[in-house]
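Next come two complexes built around chain A: one with chain B, the other with chain C.
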Partner chain A sequence: MILPWIPLLALLGVVVPLLTRQRGRRFCSLATAAPAILALLLVFSQVPALLAGDLPRFQLAWVPQLGLDLAFRLDGLSLLFVSLILGIGLLILLYAHYYLEAHEPFARFYSFLMLFMLSMVGIVMADNLLLLWLFWELTSLSSFLLIGFWSHWTDARKGARMALTVTGAGGLALLAGLLLLGDMAGSFDLGVVLESREAILADPRYPLMLVLVLLGAFTKSAQFPFHFWLPHAMAAPTPVSAYLHSATMVKAGIFLMARLHPAIAGSEAWELIVTLTGMATLLYGAWFALLKTDLKAILAFSTVSHLGLITVLLGIGSPLAILAALFHILNHATFKAALFMSAGIIDHETGTRELGRLGGLRRAMPVTALLTSLTAAAMAGVPLFNGFLSKEMFFAEAAASPLLGGLSWLLPVLATLGGILSVAYSLRLVHAVFFKPARKAPPKSPHEPPRLMRAPVELLAALCVLVGLLPVIAEVPLGLAVEAVLLTPLEFHLAIWHGLNLPLLMSVIALIAGVLLYALHAHLRQFGRQFSPMDARLIFEGAVQRLMTWSERLTVRLENGSLQRYMSWLLGAALLLGAIGLLQLPSLAGARPTQEADGILLLGAALMIFGALGTVATHRYRLISLLMLSVVGLVVSLTFARFSAPDLALTQLSVEVVTMILLMLALFFLPQKTPRESSAGRNIRDLGLAASLGMVVASLNYAVLTRDNHGISDFFIANSVPGGGGHNVVNVILVDFRGFDTLGEITVLALAGLAIFKLLNRLRLFMPHSDGEGRVWSPDRYPLILTSVSQALLPLALLVSAFIFLRGHNLPGGGFIAGLITAVALILVYMARGVEWTQQRLDFQYQPVAIAGVAIATLTGLGSWLFGRPFLTSAFGHFHIPAIGDIELATAMLFDLGVYLAVVGATLMILANLGKLTTPHRPSKEEKH
Partner chain B sequence: MLDTALWISLTLVLAALALNVYRLTVGPDMPDRLLALDTMYVNSIALIVLLGLWLNTKTYFEAALLIAMLGFISTVAVCKYLLRGDIIE
Partner chain C sequence: MESLYAVTTGVLSACGLFLTLRGRTFPVVVGLTLLSYAVNLFLFSMGGLTTDGAVIVDGPSDYADPLPQALVLTAIVIGFAMTAFAVILAMRARGDLGNDHVDGEDNREDRAS
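Up next, the complex of A and B:
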């Protein structure tokens, strides 16, 4: 149970700085360090178990359907990386405490840093591929925040964006790769995956999976040709560069390759891709490290180069190569983090990182000069430093690798070349900064940094020397890590002296030639100048801009703001899909005989068609067109009545009248005539679309009606009474079988009502003083006849509404129709009596009504949980009430009440508020009830 | 006997509906059209009741009730619109 606490403590560390920021930076730094120290202690507490041969694991099902578990493990490899992440993280925290300026938001910085620490710890401890990927993405996000920390600076923003794009794209490839891998292995559990090497290698999808996973690893670890983001990520504050871009995040790709090594490595494809990519990266990075003049850029390219070196070793893949890779990970993390921090100190104390303005600093900063020299020597691979040991192992493995067959001599030669370059740029770094006389004075007069700011560098430099002199101390952690990668223990011994052999010769050549190369450095730079400078950022930004323009153009084509265009896309898609469905039918007509057409039907059809055509023909005269449309609506509801769909007929009628009122309200503010706008071409398009859609829909209807369909309707008819307790199947479907849909619909209705209410807020529209033909309005605002009739109608309408509502479960009716009737009856009062009069008598807002409706419906649904049933299970029973007799009550009735209230509230919210626009009672912010 | 009466009434109601649509189309004025629509509502009530008699069912009578009530409100809304423009004031 200790394992989950390690990431949890890191998670705690994310919150702590934000909570303690008021107490000053010193307190905040200490409080942030505390969880990390505790986590590190917890990690060390597991070492005895690991040494005893146990594998601490923790597993908690998270989304078992996806195979995603909250699973952690702490094997040797995780141990190595977790110690590195937490240990260097703590040093970085100490360093950042002094590095950040007083005015900078240090708490936010710490919080981002700890978030990053959490995600790295997650990656290296994850025992589940999907969990690993989640943390992987979290590192991309948190590093984006860290690189862009100085967000006022455009370089920082662009660098952050580039890093996020490259590593994010790689992360997507990795997800695809890991999904494939999990599928091949049959589980996302890391233990299972690592054991399924045979199945994975034999799978035909192996090459695809390999490429995808390697894409993820290469982008993260800045391998050629995805290396370009790393130098630009140097726009980050130096603690971030030291932590993310030397010690940890860029090692995540390396870690992934090492982690999955037992499962996916060993094939020829792996060896070729990984080794050659690594070698290209090694040389490319080293060459540019030699040419750059910015201190951090040199370190960035040298990091790229060293990552390439480790990748080569993982590609070679022999047990000793793995050992060398892990050893170099450790060594590189120590000397490169120290070098970055030194660079930060120099930058901090002199105000510049340009080699041209630095020089002769050994007098002003003797200790920093010593520390930098020591760590640079480790980077160069000078004997008696830790870098020497792993580099010599690298030379040995490169020389021994049988890869490339007859050209196998190429690897050691290229490796030596990389070594030469590495010596040259390390030498240049130290010499140009500390020993060469300065050509120009730095902006600030240099001096030593605060004692404790240097402490992390001192510690790491000491480690470089210590491991270099006594390599035995690294044997225990490396042994555990190698065992985790190879799945078997490896007998090995780290020593400084192996006798006079080929690797030693290569080291000697690298040292001598490196010094010579630096001596000829001026010529090299001249040579380098002949190439036109290639700024990766410009290329990248250009590509991003092009992509943006291209997608904008595409978007504008599809989504140009014209409703007609959207409609045509929608209808066109429906047309296409409907037509495809029809094409697959053997014949249009089914087995069912057609019904005899009588005179009533023919006339009804004729009226409907005439109404529809009339609507289109008169569409420029809006009111006439609307009246024509009413004819269609009326005939449609008569058709529903004729063909045994009384519920539909009632609904159609009430919706019809609500639509009419709404349009009358809206039409007042709109022009009476539609101007002639459509071009002939567009008319033809619309006509074609409408006609073909009509034909397809008619054919679909014909096909459906002439066939015996035994779909789900039989189930509803059979179960309506026993399951829902109602004889009206339509209503039982609405409030019971598909109650969840209805709940969604009334929620949307209430939301739409609220949105319209908000939109009407303080809206002032032009009010015409005469009708379309120029006649002034009649002076009679509230005609007497209308007033009297409406008053008589209101109670009757409410009675009908109650009647329709109550009978709804067994006979045609229900909450929706009843709600519309109530709303329309109330609107009639508004029309007949005016807002002032009605407001006095109906003194309440409609928003709460709608919300109460949705709440009642939701609570009814939740109520079934009290009885241990799923959401919205309905219950019903028969009750005997004296004088009234036997009645049936169902919870669905309560749900229907919610529907009723939601409909009343939403309809009135829309109609009444639209009506109030012309009165002093219009919705406005000032008005408080 | 009832059948004959039904058929005669249905024919007349249908003819009335057709004439309503004619009036709705030709106008000439907006009140003419509106009255035509309102009369269509009235005739629809008759049609539904006759259909109920013919099919021997009461199921559709609520539809007639609703048309009687709501059709009137529709007409009122349009009337108010023609008279005052602003239907809720």
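Up next, the complex of A and C:
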């Protein structure tokens, strides 16, 4: 149970600085370091178990359906990396404590730094591919925050964005690759994956998976041609560069290749891609490191170059090459972090990082000069430093690799060339800063940094020398790590002297030629200047800008704020899709015989078509258009009656009445005529679009009608009486079988009512006193006949609706229809008597009615839980009531009551509130009874 | 009969769609209403056109398909709610913006070609 505490402590470290920032920087720095120190101690506490041959693992199911577990492991490889991450992280924290200016938000910086530490710890300890990927993405995000920490500075923002884009895109490729990999191995568990090598290599998707995973690794580890983000990420504060870009984040890609090595490496594709990419990166980075004049840019390109070196070793993949790769990871982390921190010190104390403005600093900063020289010697691979050991192993492996067949001699030659370049740029770095006389004075007069700011560099430089002199001390952690990658222990011995052999010769050549190259390097830079360097940032920013412009143009084209434009696009798309569907039918007419049409049907169809065309033809005269529309609505209702749907006919009829009253009321407040404003072209386009869609609809409808369908209705018919206790199948479907849908629908209805109530709230509209033709409205607002009839009709109508409601379960009717009839009857009274008169007598609000309806329906559904049944299970039984007789009652009726109330409430909420607009009583918040 | 029904549905849809493409709110609302008639008729016919079919379960007989009926019944009511909302929104837009163009401003048609 110790393992999960390591990431958890790092997580704690994210919060600590934010909680302790009030107490000053010193306290905050110490408090932030505490969890990391504790985590490091926990890691070390596991070493004896590892040495004993155990593999500490921890597993907790997280999303088991996806195969995602919260699983951690601590094998030798994890141990090596997690110690690097926590150890160097602590040194960086100490360094940052002195590096940041007094006014900078240090707590936020620490928090980001710890977030990054957490994500790196997560990557190297994850025992599940998906979990690994999650942490992988977290490093991209946290490094974005860190690189862009000085967000007031454009370079920082752009550099951060570039790093995020490149590594984020690589992360997506990696996700695809890991999903494929997990699929091939049959599990996302790392233990399973590492042992499924045969299955993975034999899988036909192996090349695809390999490319995707390598894309992720190469983008993260800045391999050519994805290296360009790393130099631009140097806009970050130096502690960030020292931590992310030397020791940790850029090593994540390397770590991934090492981690998955047992499972996916060893194929010819792997060896070629990885080795050649690494070699290209090695030379490219080294060449530009020699040409750059900014200290951090030199270090960034040299990092690219060293990452390439490690990649070559992983590509060669022999046991000793793996050992060399891991050893170089360790060495590079030590000397490069130290060099970055030295560069930061120089920048901090002189105010510049430009080689042209630096020089002769060894007098002002003797200790820093010494430390930088030592670590640069390690970087150059000078004997007796740690870099020499791993570099010589690299030379040996490059010379021994048969990878390129007859051209294999190229590898050692290129490796030596890389070595020469690395000696040259290391020498230049030290010489130009500390020894060469200065041409210009730096902005600040240089002096040594605070004692403790230098301490991390001192420690790392000491390690460089110590490992260089006594390589034996690195054998134990390396042995564990190599065992984790090779899955078997490896016998090896690290020594300084291997006798006179080829690698030593290569080292000597590299040293001598490197010094010569530096001597000639002024000419070289002259030569290099002839090639205008491709500025990756310009290209990248240009691409980003172009993308933005294109998408902006596209957005403006598609989305110009015109509803008509949207509608025509939408309809065009629907037309296209519908037409494609129809084209695939072998013939329009199906096998089902058609029925004969009779005279009444012809008349009905003619009326409907007349009404529809009339609505369009007269649409500029809105009232007439509305009357035409009502013709269509009435015939629709008759159509339902003709084709055996009495429920529908009743519903349509009552809705039709309500809709027409509503539209007329609304029209009262709107212009009576539509101006003629569409151009002829516009009209023709719309006509064409509408007519084609109409044809598609007609064809589809005909195609369906002439084909046999095998619906699910037999089930409803068979189960209506035994299962729902009702003989009216339509009603039983509504309140029982599909009760949940109905509940949703009455909720929508009630919501529409409430929304309309709010829309009408405090609406101020011009109230016309004449119609469209200029005729003044009659002062006799409430005609006598209507008044008398409506009053007499009300109780009758209520009685009818009660009857329709009660019989609804067994005969045509039900809550919807009854509700609409009640609403129509009440509206009639409103119309005949006016809002004021009616409100005095019907003194209540309709909103609570609608809400009560939805509530009753919901509670009826919930009621079935009390009996341990699923939501909306209905129950029914027969009851004998004296004098009335045997009746059947079902809980569905209670549900139907909810429907009834919701319909009445919502309809009247809409119409009564709209009606109120015609009176001085307008609905508003103040109006409370 | 089937072809007659299909043609009617098609004409109703075409008329409704043409009106929804107009530039003023009221014709658009009328068009939506017309379109919902067409859609309801279309959906209703998915169960086939049954003349004199039974709808009340009372012994074995030739039943009309009840499922499309149930679906269309709620569709009618929801359609009413939608029409009501759209038309009140149109009124509110006119009250707040001073015109009844669908884009909330007059003379937009040139730009929207």
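Going forward, the second predicted complex is superposed on the first by the 588 of 929 C-alpha atoms of A that agree within 3 Å, B and C clash if a C-alpha of one lies under 4 Å from a C-alpha of the other, contacts with A are read in each partner's own complex, and residues count from 1 in each chain.
Note that in this section a contact is a pair of C-beta atoms (placed from the backbone, for glycine too) under 8 Å apart; a residue touches a chain by one contact, two chains touch by 3 or more.
Source: prediction; values computed, not measured.
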Which of chain B and chain C A:P646 touches, first, second, both or neither: both
Of chain C and chain B, partner touching more chain A residues: C
Contacts of A:T615 with chain B and chain C, given as first, second, both or neither: second
Touched partner set for A:V47, first chain B, second chain C, both or neither: neither
First, second, both or neither for A:V704, with chain B first and chain C second: second
First (chain B), second (chain C), both or neither touched by A:L70: neither
Which of chain B and chain C A:L627 touches, first, second, both or neither: first
Chain B versus chain C as contact partner of A:K916, first or second or both or neither: first
First (chain B), second (chain C), both or neither touched by A:V465: neither
Partner chain in contact with A:S678 - chain B first, chain C second, else both or neither: second
On chain A, positions contacted by chain B and by chain C: 642, 644, 646, 667, 811-812, 914
Complex contacts: residues of chain A adjacent to chain B: 599-600, 603, 607, 610-611, 614, 623-624, 627-628, 630-631, 634, 637-638, 641-642, 644, 646, 649-650, 653-654, 656-657, 660-661, 664-665, 667-668, 767-768, 771, 777-778, 780-781, 783, 786, 790, 793, 796-797, 800, 804, 811-813, 821, 824-825, 827-828, 830-832, 834-835, 911-912, 914-916, 918-919
Sites on chain C touched by chain A in the complex: 1-30, 33-34, 37-38, 40-42, 44-58, 63-67, 69-70, 72-74, 76-85, 87-92, 94-95, 100, 102-103, 108-109, 111-113
Chain B - residues contacting chain A, complex: 10-11, 14, 17-18, 21, 24-25, 30, 33-34, 37, 40-41, 44, 47-48, 51, 59-60, 62-63, 65-67, 69-74, 76-78, 80-89
Residues of chain A that touch chain C when the two form their complex: 560-565, 567-568, 571, 594-597, 601-602, 605, 608-609, 612-613, 615-616, 619, 622, 625-626, 629, 632-633, 636, 639-640, 642-648, 651-652, 655, 658-659, 662-663, 666-667, 669-671, 674-675, 677-679, 681-682, 686-687, 689-691, 693-695, 697-702, 704-706, 709, 711-713, 716-717, 720-721, 727-730, 733-734, 738, 741-742, 745, 748-749, 752-753, 755-756, 759-760, 763-765, 810-812, 816, 820, 903, 906-907, 910, 914
